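First, the structure itself, so that you have it in front of you.
Naming follows writing order (A, B, C, D and E), and every chain is counted from residue 1.
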Amino acid sequence: MALSEKDIELKIREEAKKALATGEVSCVIGWTTTRFPDKMKPFFAETEAECDELVWNKYCINGTAKYALDDRYPSKKFAIIARGCDSRAINRMLKDKQLLRENLYIIGVVCDGKENPICEECQHKNPLTYDVLIGEPVPEQIDEKRFAEVEAFEKLSPDEKYEYWAKQYDKCIHCYACRNACPACNCVECYADQYRTGWQGKASDRIQNQVYGLTRAFHVGDRCIECGECERVCPMGLPIMRQTRKMLKDINDLFGDYECGMPDDAMPVLGGYTLADPDEFM
Amino acid sequence: MKKFAYFPGCSMDSTAVTYKASLEYVAGRIGLELKEIPDWNCCGSTAAHTKNEKLAYSLAARNIAIAEDTYPDLDIVTPCAACYSRLAYAKHAAEDEFTRQEIERIIKRPFKGKKEILNFLDVFSQEDVMQACKENMVRDLSGLKIACYYGCLMSRPRKITKAEDIENPMQMDKIIELTGATAVEWDFKTECCGASHQVDAPRQSRPLIERIFRNAKANGAQAIVTACPLCNMNLDMREKEINEMFSKKYDIPVFQFTEILAIGMGAGAKTSGIHQHFWPAFDLINGVLRANFGKAGK
Amino acid sequence: MARIGVFICHCGTNIAATVDVEAVAAAAREFPNVAFATTYKYMCSEPGQAMIKESIEDYNLDRIVIASCSPRMHELTFRKMLKGTKINPYMLEIANIREQCAWVHTDRAKATEKAIDHVKMAVAKVGKDKPLTTSTIPITKRALVIGGGIAGIQAALDIADAGFDVTIVEKEPSIGGHMVMLDKTFPTMDCSACISTPKMVDAGAHPNITLKTSCEVEKVEGYVGNFEVTIKEKAKYVNHDLCTGCGLCQTKCPTKVPSEFNQGIGTRPAIYIPFAQAVPSKPVIDPTCCLKLTKDKCGICEKVCPLQAINYKDETKYTTEKYGAIVVATGYELVDWAKMYPEYGGGKYADVITGLQFERLVNASGPTEGHIVRPSDGKEPKDVVIVKCVGSRDQNKGKSYCSRACCMYSAKHAHQILDKIPGSNVYIFYMDVRTPGKGYEEFYDNTRADGAQYIRGRVSKIFKEGDKLICKGEDTLLGKQVTVEADMVILATAMEPAANIADVAGKLGISIDSDRWVTEAHPKLRPVETQTGGVFLCGTCQGPKDIPDTVAQAGAAAAKVMALLNHDEMETSPMISSVDQTKCSGCGYCVEVCPYKAISLIQVPGRDGNRKVTKTVADVNSGLCQGCGCCAATCRTGCIDLKGYTNEQILKEVDALCQ
Amino acid sequence: MSVKTNENWEPKILAFCCNWCTYTGADLAGLNRMKYPENVRVIRVPCSSRVNPQFILRAFQKGCDGVLVCGCHPGDCHYATGNYFTRRRFMLMQRLLEYNGIDPKRFQAKWISGSEAAKFRDTVTKVSAEIKALGPNTKFAEPHFTEGGDK
Amino acid sequence: MEKILNRKEGKLLAERIAREADVKLHECYQCGKCSAGCPMADAMDLMPRQIVHLMQLGDMTEVMKSKSIWLCASCHTCVERCPHSIDIPTLMEKSRMEAQRRGICAVRDVRLFNDIFMETVRGFGKSQEVILEGAYNVTSGHFFQDMKNVPKMLQKEIVRPELNQVNAVNEVRDIMKECEKGGANR
């Protein structure tokens, strides 16, 4: 029998307290209320009392995993309340060697979707990596339409495509919110901040934004876990996933089934090769 | 115990009386349920694929299609090596989607071609069936030296039969050893007996039989055991002729492996079918049983 | 502020005829930071070089661009020239205005424009050049030879004779390999043992050679000139320092198992010296069959040993040593034909033997003292069939390649049988007879003259009837089936690389092909080198070959090793990757893409705000890095960069082109 | 003035060539006095795998009309495996650029060995013609390059 | 003898047959292992190896005229032992069909037997061994072949007089009719 929302919330608090009680965990990363009933915010519970402020409802939409990068050299463990997407984010950062598994205590929670449009496409409602699991695992769905949007867009003419993106990048304010939210954007120092090398201009004009957008798509494209945080945090509403999904679609087409954030040892596509790869450059 | 969709093949209803009798007896003893495919037709045998590839696939496929419809959960088993080969070929052909659709069009039935096609050696070498046979043994055939003859179509071509060892298969050897008989090591287990040409090119194909007898004899076999009505008839019926033709005195009765099993399970001469052989077989079996009679054990 | 000098070469009229060199110079003077630009007839000539040197002094230049022929032509020349000046040799860029401009264009205006662009790009790039110094790495003047067959022995002797220390690692208890098993060698028919055992003794006694038998390479670290190799020494259970090799123990040992050296024909005890001429000629105990070690019974050898050299408690030992160069000479094995060819009896007939087994049969020191007899009943065979290409040239069942030596040794076997057994018949089933070697065709001729029957066709089946092995083949020249009733059949089985070659190759970082043969650096021009610097190869680990080719290749590999070890130190290219460890995230993707295993993740002290922390960052081994730059393009942060082709430089070049 | 109709307009094409194969092949083309259009500029890199996809973006941004990346044939890489990475990177890059409205002819990759001088000539000639037909790159370039195109 | 195909057509035909049989003709290097193990080789006028060689040469006339293509027992010994797994039985089978289409038949009895076999299947849906043997003996002129065994068969009740027939025999006839449309049969 499925647990109710309230049951899960209580269990989360219980597990959070247990985790803190071990003394090995410095804080539990989860969600708490704001003054708006339909907005929850990320929350770091550091004491037992604070654990009772942790909540679980359909407005808990922020990703929790990336906060673990706030302290890259923690003296104690972080406990993370992780839904399927968060667990994939954690796997991403583990594989990118930005987190150490022994520094994490993962409280997995089976999630049936939040008030977040990306959840409709979710292929992993069950956490993939966890130390303790709350809720009964549910059957996973396969999102048949994963690349439908990309496929439709591919059919446009080059000019139409360009016009579309030009309009989008004209809107972009170069705020890097997408980067800051993205679990795959986990470099210590982003290429875009390295002005001396001159990879990237600071200005927020169409060209610079395009360069940034494409570079980012290429940097995370083969590691994207499709959590949709980039689009969610974008203040200008850019369809950022549409770029990374394109990369993922091509990878699927060219190199076989591909999904990131899985608990396996597979290298990202651009970090490897096979002799049997297709060749178009003969 | 186990159920199969059963494709007897034309020979089972005519010349392969001994196979039919002994198979029914053994199946009954170990509780093997054989559901005959309703209104089956000839698989086409060698003649069809000599003449027309499409026809060869389609004739065989009709039987598979009926089995798919009538017994959706059962694997198909057939006693005849040629039928086995033709059915397996049809299944193999269906892997090509275009061919599969073409066959469907011709036979006017849905045809998936996913069913497992088995011969009776496959069935009897399954562990639980072996166990059941073992439990039902009441006679000891120790001392009987047998050359197991598999023929070509049970093992070749490998892409169709998926056989592990095509030069020296061991399935039948293991099965007949359940009776206490010894399977001799010999070299002509899978050499062709020329059955398909014995009628239309007898002069050229008789020597193929002779070399099988010769090698079996050279390796000390007293009897040859087959698992196919065609091979069986070909060897058994023509042994006398071979002896005359090549001035030899082979005295090697030819059995179906099910006959040996049936004898081991206690079947009489009539039930097991050994009285219906062309080359007399009764004396050999009788001798072995007499020699073992009274020995400790069974 | 950089002060750049630009020197434009006329190359006689090679450049000047198509490119307006003066216009290029004029344009160059306008580029930022260009302090001086001029042209000259032949920049690479003595006076040209002198002019550049003078200009560096006169105009106080700190970097230069030379617009001339391809950098592949004279980059090194000009670098050498700069060594005598105040400018670092790497503060130089070449603009290719000959091969890729003047020679391929005819329109003078457009060619000039392109030349100007090339100079502009070079100027932009040179502005970001940094002085680089070639570092030198010391070279350990010792060589490791993996494999103690004739290839390894020959290579080791050659290297040792040049005065360098050599270690031979051999997995068997004695060196010698396959050659010492052979009876005679074609085409000269000299005794194989007689020519190979002296070499073994030489290797054993050479002051510069250390033999490590019963040993295998466990781990290889480091790079050319500086390998650190861990060698695993399997337990011998006999103290070779005490043992004198009297051999008493092996005569008393009650255990008998098939002898590896005699290819299963004949037996050996559990404590054994593999063969009479073994080097070292001291026994080891086989722990898989020794009664004492398997069942804690017996112990006779310990009792009879006059020197108490037996030690049942012996254990596997590991030693680590430094070497400057490694020679791979792991040799071959015969394919397991019995698994591949059930139609030849699949191994159930004792009288169907391999060529190597025949070598032991016919060898005077072999189990039959050189009498050719059937292993099954000891009778002398009268009719012998030799089947060639068993496992070779057979995609379906074996290997697609030709094993090269079989044609000749089969002829040799035929000759030996006909010679030793009067009235015998030898039938050789063949597809093609391949005799490309000095004296080989003549040998084949002689074998036919001896009476060997060559039948062109592959045998389809070998079976037994009575005492005879029936071989069925087709005489393809007659177009008829033929049957030979043989007493014995010799199969010329295919060679394949040593079973553990993939493992060895993995440890050394060298590549193997789809048949597992070791890949040479270039099949024609670098036949004894591998992709990894300092690792060389010789013998049959590279592909099937006969003894003369093997020995020649061993000498070649030895020469390469000597050329390397002759230097005290070697220069490494400074144009390699380096990591800005303050920015590195330690994701390790560069580690994955590096073909030379030159990058590793290391722990370094760092700061996080005010805290002292330990960071994990990438680190480049300058000895291993070859400067391909794949890592630099993989790094998202851009913190790993390729010196001489930095991100900044290439971006500047791109920008310069478009301005 | 519309640049596209200007018959004198010459595209700017950038070619990244690996030192061991394609750059050698290009030198050989020179040695053999082969002829090809003048509008290609070569940047020498040690290996095609040195080419960061961001270099290509930069080239378009700065007004290049076409970019070519050339390296050794797969299996022949001087550094053993570099071009296998190149192959993956740029197959994806090409598709991503197309997806953003850039004609795939503007960014091409090709394997050209040190002996394939003719292939170098043919490739460069073909790419040059293709890009000339496409006209100047206006989609990605910084604004001042899109107006007029002349420097 | 009259040439039925000229060289070029033969080449094309050989290539087509090879393609359909998934055989790369060039792979055969004429080692003869196929023919060495072929049980029918003694009766064949051309060795299986020679059939492949003729196909390499594109001389399909010789191939189609040969007895070998009719005598192949499809035992597949050759394929399994071939170093290149060349599917000779399929090459033979397809050549045989081509020969039939052109009315060439070097071994009349084999074709006769196959034809009668298929006619009994057309008549009854199953093969009838007694009718088959009888009809074959009559049409081929080998009246007494295997007749010695008949009394024994009857005596031991090995064959019975009743006929086996498929109820939906029309279905089988339709299948045959449909397959024979393109004239593949003849």
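We take it that contacts are C-beta pairs under 8 Å (C-beta built on N, C-alpha and C of every residue); 3 or more make two chains touch, one makes a residue touch a chain.
Nothing here was measured: the structure is a model prediction, and the numbers come from that model.
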item	value
Partner chains that chain A and chain D have in common	C
Which of B-C and A-C has more C-beta pairs touching across its chains	A-C
Centre-to-centre distance between chain D and chain B (centres being mean Cα positions), rounded to whole Å	68
Computed distance of Cα centres, chain E from chain A, in Å	65
Between chain B and chain A, distance of the C-alpha-averaged centres to the nearest whole Å	62
Distance from the mean Cα position of chain E to that of chain B, given in whole angstrom	23
Junction residues of chain E, two or more chains touched	42, 77
Per-residue overlap in chain A, given as positions that touch at least 2 other chains	191, 199, 270
Multi-partner residues of chain B (each touching 2 or more other chains)	166
Chain pairs that touch, as defined at the top of this document	A-C, A-D, B-C, B-E, C-D, C-E
Of all residues in chain A, those that touch chain D in their complex	150, 153-154, 158-166, 191, 199, 207, 210-211, 214-215, 217-218, 221-222, 243, 246-247, 250-251, 254-255, 269-270, 273-275, 277-282
Contacting residues of chain C [partner chain E, same complex]	343, 389, 393-398, 431, 456-461, 472-476, 479-482
Residues of chain E that touch chain C when the two form their complex	27, 29-38, 41-42, 46-47, 49-50, 77, 81-85
In the complex with chain A, residue positions of chain D that touch it	53-54, 57-58, 61, 73-75, 81, 84-85, 87-103, 108-111, 139-143
Residues of chain B touching chain C in the complex	165-168, 185, 187-188, 214-215, 218-219
